[in-house]
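Structures given as structure tokens follow.
Two complexes follow with subunit A in common, the first pairing it with subunit B and the second with subunit C.
Take a look at the complex of A and B:
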């Protein structure tokens, strides 16, 4: 009880030492990314797209006068709604769904040719895409009406959505041209007689918000491309001289027929005395456009700027996604190819490192407060099939570690105590006291199999080998987070390590199980305190000095993995930041010659790509997943995501098979992928922040339960 | 069975038994084997959370709330686990005991609501039943094997109860009806669960599928009984399975690895469907969706089950309220809907204050103020009607069982 309280007290300052941006910055980045995608999807009418159309219903609630009245309906204010017709000898041409980059300019040219005015009912997404056309429409003196942002059937939409559709379109219009419009036409509408119990409430709702609704007298159906003559006939008033509001389209497909029909119908009607004007003027009203300034104007400009930035950023994001996709799949391909090669090479019956290595070796066990685990660690060593000397270096433990070790009084086990000064120093102390030329290093919480030491030192038969890396296994794999790390370790040791071994540039000998030649250690100057990942630092130093570092798959060591996300985070932060430090420290290898240069030009870039770049971009997968599922095409997105998962599963399955592990834990893979991607991304960003702000990281010790020591057969 | 449940944990023979090591390994005992003393505060916490969520849902009608926390599934699972624990005693005394705890609070509600509705003019006329049938059906307020009847609309009491107060009063009773059936069928369910657990556990959900496909049909009153059983039967039995230690047969990583994906698929299916009115379907509209989501959610909650013998530090400050809600759970559940109705009606009176109506209509329109008002009213109900729970449990009745901390502890 008192111990756990002490631990809690000790952990408190550590929590404060974490940079404050740990969650905020990464989360904000991801959310910004998602928002960017959304905005761009809005502009291209990809998100919130709703192509459903309602069927018409009864007309019980529609004021009867409207059904037989004119096409322009003003239901604003408390009185009865009024409807208006175009005055005699006026023709109000209206163009819906635009502006369009091809057809709108042609229509504007024709209109200018006959000095005619018209009305364009524009959608917000098109406004955002073609601001120049809106400016030209206004400069030519035409009128602009609103046709919603995404062109949905408003009778199917909620109040909130309708409000949003209108407000967003006004926002775009303000940003593009500094104007608002009070004229509105609902998508999928026709003449006033078609009003029904579903559409009338929409008209009324918008009237309450200050909009006049403009229906039509005649639909030319030009979007069906019925032929120029049909469009001309439809646009010509049945009663010569009567006012007319006509519907045409300037977007949504080939509008050549519309343009051609205009060229015929306009001179003909003008010669009959018709005046071509805007909807507002045709019913004898003033303009529906109003100037916008101040906050609304800047708000509009901001929206437009962001929308354009979003459209602009999209290709870059796709490129990044392609990069990370290539990296991920390239890595899998490379790993599969090289690990197959490695496994076949080292598992061949004739394979041998040379004459068997039987000389006695020194095992160094650095221990800092390892009372839960140390006894099992040492017991496992006394079972070793290889002659060993064990040196426990007590790094100023404050618990019972020393007493437990001395109480065991195991033959061949020595304890050296030093004041607390870190793992690297403890290992250097051990190296100084070691009596043999081969030195095995392990952690105080790790358990060896009887054959581990023997397997680990066999490669030293080859005089070029300076260090060997063993196969670390997760003991506490029963919990979810343990299972995740189990999968990760099996893949890491059976795919990554074999790949690096084949390429001759293993970046890390794990601290939990590794062996070194004393000369190689001394040449590298022992363990260094320069970085947080002393094992990676040392391994790179060996490469630079021209030593070979190899992987021994049968040298298994059982270790206790972090049991909570917080601890896992701390561990990975240390590894990640330490690796970055070590890479920076040995960056000179890139230009070196010989084996050092090979490591610098193959190993370092690979580590940089796979450990620093790829995880930083990996959340793009999930951002696109969320965006795709929620806003675009769920089945397609899922299929793509599942494909990636299956590839990962195949790789993981192969790794498990290589390691003779049962596959059950692989059911945790899907969730593991999701969580790990985010975790590694967060850890990497935090490492970068630390690197750039020069923050220091203190030693973080795992909270031990001693779970790995508990034997299974209960 | 001596073999490990999880293969390949450690290589055999690699490790010696920890002779000299103090056993500090995590406690992985099954709930059944756990030491008896003390309540599991985790379950108390879940029950309180479920109750608060129910009140929020009935006030705000947010359709996403049942997704965030499926209260009813959680409550049935907790009850099922208690029932399984009790069933080590003789069956009939256990059922009698459960009913004795459950029904008196209902009778107290009925004693007030039924005469109230009758006084407001509720009668056989227009109920679709004969006079004898009408009075006979009132027996459902005594033993709710089907949903108890109620009057609708009623004149109401201006500023306190609206026209639908009968419906509000009787609305939550479906939970007691379902609970009653679960209690009655528990001995059978437990026996089956012990014999063929992996067949009976999903059986109610499978029956939901059958009903969804329209293969079976019942009269409306019967339908709601069957539907309630099918929707939450799996949750109830899941609570029993938890109590029986069935869940800890899996390695801990298994359930959280699979269940979220099953839940996601079912939620996706549910939200993409259409309800009876042709609108977009939410969780409350679909028995199958509700059943699967609740089952998965409860499964995760129980699989995680941290078993708190004492309150975690962060929850300590709420401990009193959680205990209060737990000891008055039935009262709060039975009366909260009337409290909410009263809160809305009372707050509606503010529209008669012109200064407020003209200047802050948005405030008077808000649901949050009635929400704040509803909690003291629920407190009032606890004081007025909660004692019956103590009487039913053969304890000495208390007005407001907020646990009083000893003086020394209160100073901190």
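Take a look at the complex of A and C:
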């Protein structure tokens, strides 16, 4: 990018065919996360779950013979539908809703003990989650029939949903065991006489796809757990010798009674000459299952593998979400607790920094093209109650800034002009020309109150204090963006500052309103240019050198916050990336001793956790929110989101009260949670990417090393 | 402090003159000529671009892998082929009582069939028996309705086998007629 343009000129990157990786990769990652959640939710019956049961209706359209016929209904083909029943002395035990990892093995053991065969009507979700059980069922010689994927009442579902349920269950079976089945039993079914105008069309539709529907003769109601004797009685045919298809369950609750009943009823019936066999065999159809190969087999295996991966990954995601939640709420708790402490301490009548500070102070005003604001700024300074000298450092402005200042002809105001070299250099120039020992730094568009400078410098009565941070307030707070930033300044920045003041590790003195001791500045080497957040860098250097940095809530300054998303983006990008740079630059403090060590071991980790790590994980929160609202349970998810919002509202309300701000701007807090928060973590994400890839941002001027120049990151 | 600096002072800045002046001293504008040394390096910046290129490559691989996972996952869940495999038709055997299209029942030779069970059944031949539609089951007594309270006048004599438990028969509508099986859902705790 051309260096000859001023540092604020926006340079457009050339158009690319594909959006750059730094935008596509995070989007793809988040969408993949959502897909993983969906897949896992599908096989655990969390999404698309329909628990409704329909009522029975009339039977006008059902062929009457079916109502009086056997439970196995074959409506395939163009002819009349036929129903079949089990032969005499044949029991077809059927187990619905399985397989289940606790009960199915027990049932299989009992069946094996009595050399019996049975039929398992399995749900696709359980098949996916317990492939080994399916394989064992087949290895033991039993039959498998379909019982849909998510166990909905099919009469309430659309054709597409019904098709999907069957197809997905077949796919799951194919992937698990390489077979598919033509036997089907609808959820919530009973015997053939219960066919009605709603259930018969479903049976017919599925028969058109080749399914044979198997209802039952006997329902043991074992899922109600009526007692072993009741189950045994229900399973025993009333007319000895008649063949039956019996319904039991191997999943969905405690099936101990079922297992116990089996152990009683099977030997008893076998002694009466019954044989236990599969449904297909009991009606003389051989088997309903056949092998799958080719594409469907591989698609099935793929589905199984992906589903297992999704289920496997989920606990890790939950842990991360818990981490974010803990960090967010922990920060609130810490902020509130420490702010209360700070307010109590500094507002006590007996509190004092020491003898009043009355010495003259230098105020540095770095200005670059501030013709609109510089007059207001300077006038506010001349109203100051404290004696000051003002130095305006003109950083190579191309507009009328200098002319305006000259025209004002205010006493005690000097202008130093330098070629455009950046704010850090401008401040260093100002420091070099300052004649007093206390230096206040502000921005060219900040407006001070008359008491600001005085309040700002009182803490210097304590010789350990090296810098003080003032209370920056958003002036243009009536627009939506302004209101969001206003909330952020009051809650985020100022509540944060109280917390960090109590902990003795304030990471940033705001560039808009801060005061320093000259000796501390000289000790730290002035402002450095190797980070974009020179104020944070300087503050951290002061900590490392053992100076105290405190917060003065009464030193108010009014700044003009960025009014458009673009400007906000720029500002926050610089701040965020700059803060990361400064933290990395001073990372040695973690191992240092004394006050530097205290900052390194308390301040740096806190800043890292709350400003750099937690926001990076915040998208997870939004992914889960979208997943919950769209696919699982909108009201519950919404309630959870509201709870978090209420907590934040309470915190923000307290912050506003502490700062004596009127609370009505808090109305925009809900919207802030939906838009502003996402903007901030986009900024953080981009900062991370820039930091990791080593790109140079356009605001940083670096010496050319002669190697290939790094493309400027936007 | 900036290292390379020359200051040209146009006027001496801060001399307090004892002479009372009518106007306050005009603000002083100093033009400073400095030669700012561009920072030799900034934190994180890798001027050679090596780290950036390496990470970019890795990023593309990760992106393609994730996109592939998501696309495949969504395809396998599309649920396209619902067709059932071929299954042999349960076939009646010669010995079993079969309902012909005309509706005549063939006699059931098996003694077991006639009485106790109340319905004709095959003599142990493993075939089910189709009940033809439209035949007057009651008249011939061969068809055994399940779950109906009407007694079959076939040689059964035996009361209607209540093969259905707790089912009041098809005349009663509503939930009683449906065996509500519990659904197999074991939903994991919802993450929040």
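Going forward, the second predicted complex is superposed on the first by the 586 of 714 C-alpha atoms of A that agree within 3 Å, B and C clash if a C-alpha of one lies under 4 Å from a C-alpha of the other, contacts with A are read in each partner's own complex, and residues count from 1 in each chain.
Note that contacts are C-beta pairs under 8 Å (C-beta built on N, C-alpha and C of every residue); 3 or more make two chains touch, one makes a residue touch a chain.
Quantities reported herein were computed from a predicted structural model and do not represent experimental measurements.
Visitor: Between subunit B (first) and subunit C (second), which does A:677 come into contact with in this model arrangement: first, second, both, or neither?
Guide: A:677 sits against neither subunit B nor subunit C.
Visitor: In the overlaid three-chain picture, which partner chain does A:408 touch, first (subunit B) or second (subunit C), both, or neither?
Guide: both
Visitor: Touch check for A:136: first (subunit B), second (subunit C), both, or neither?
Guide: Once the two structures are laid over each other on A, A:136 reaches no partner at all.
Visitor: More residues of subunit A are touched by which partner: subunit B or subunit C?
Guide: C
Visitor: What is the contact status of A:379 with respect to subunit B (first) and subunit C (second): first, second, both, or neither?
Guide: Only subunit B; A:379 stays clear of subunit C.
Visitor: Look at A:556 in the shared chain and tell me whether it touches subunit B only, subunit C only, both, or neither; answer first, second, both or neither.
Guide: Only subunit B is touched by A:556; subunit C is not.
Visitor: Going by the contact rule set out at the top, does A:634 touch subunit B (first), subunit C (second), both, or neither?
Guide: Once the two structures are laid over each other on A, A:634 reaches subunit B alone.
Visitor: Applying the document's definition of touch, where does A:302 land relative to subunit B and subunit C: first, second, both, or neither?
Guide: Second partner only, subunit C.
Visitor: Per the contact definition in the header, classify A:221: touching subunit B only (first), subunit C only (second), both, or neither.
Guide: Once the two structures are laid over each other on A, A:221 reaches subunit C alone.
Visitor: Share the list of subunit A residues that count as touching for subunit B in one structure and for subunit C in the other.
Guide: On subunit A, the overlap between the subunit B and subunit C contacts is residues 408, 705, 707-711.
Visitor: For subunit B, which residues are in contact with subunit A within the complex?
Guide: The touching residues are 2-4, 6-12, 14-21, 24-26, 251-254, 256-258, 260-261, 268.
Visitor: Flag every residue of subunit A that touches subunit B in the complex, lowest number first.
Guide: Going by the criterion above, the answer is residues 372, 375-376, 379-380, 383, 404, 407-408, 447, 449-450, 475, 477-480, 482-484, 556, 558, 634, 661-662, 664-665, 667-668, 670-671, 705-714.
Visitor: List the residues on subunit C that touch subunit A in their complex, please.
Guide: Checking each residue of subunit C against subunit A gives 1-2, 5, 13-14, 23-34, 36-52, 55-56, 59-60, 62-63, 66-67, 69-70, 72-74, 76-77, 79-93, 112-113, 116-119, 121-122, 124-135, 137, 143-148, 158, 161-167, 169-170, 173-175, 177-188, 190-192.
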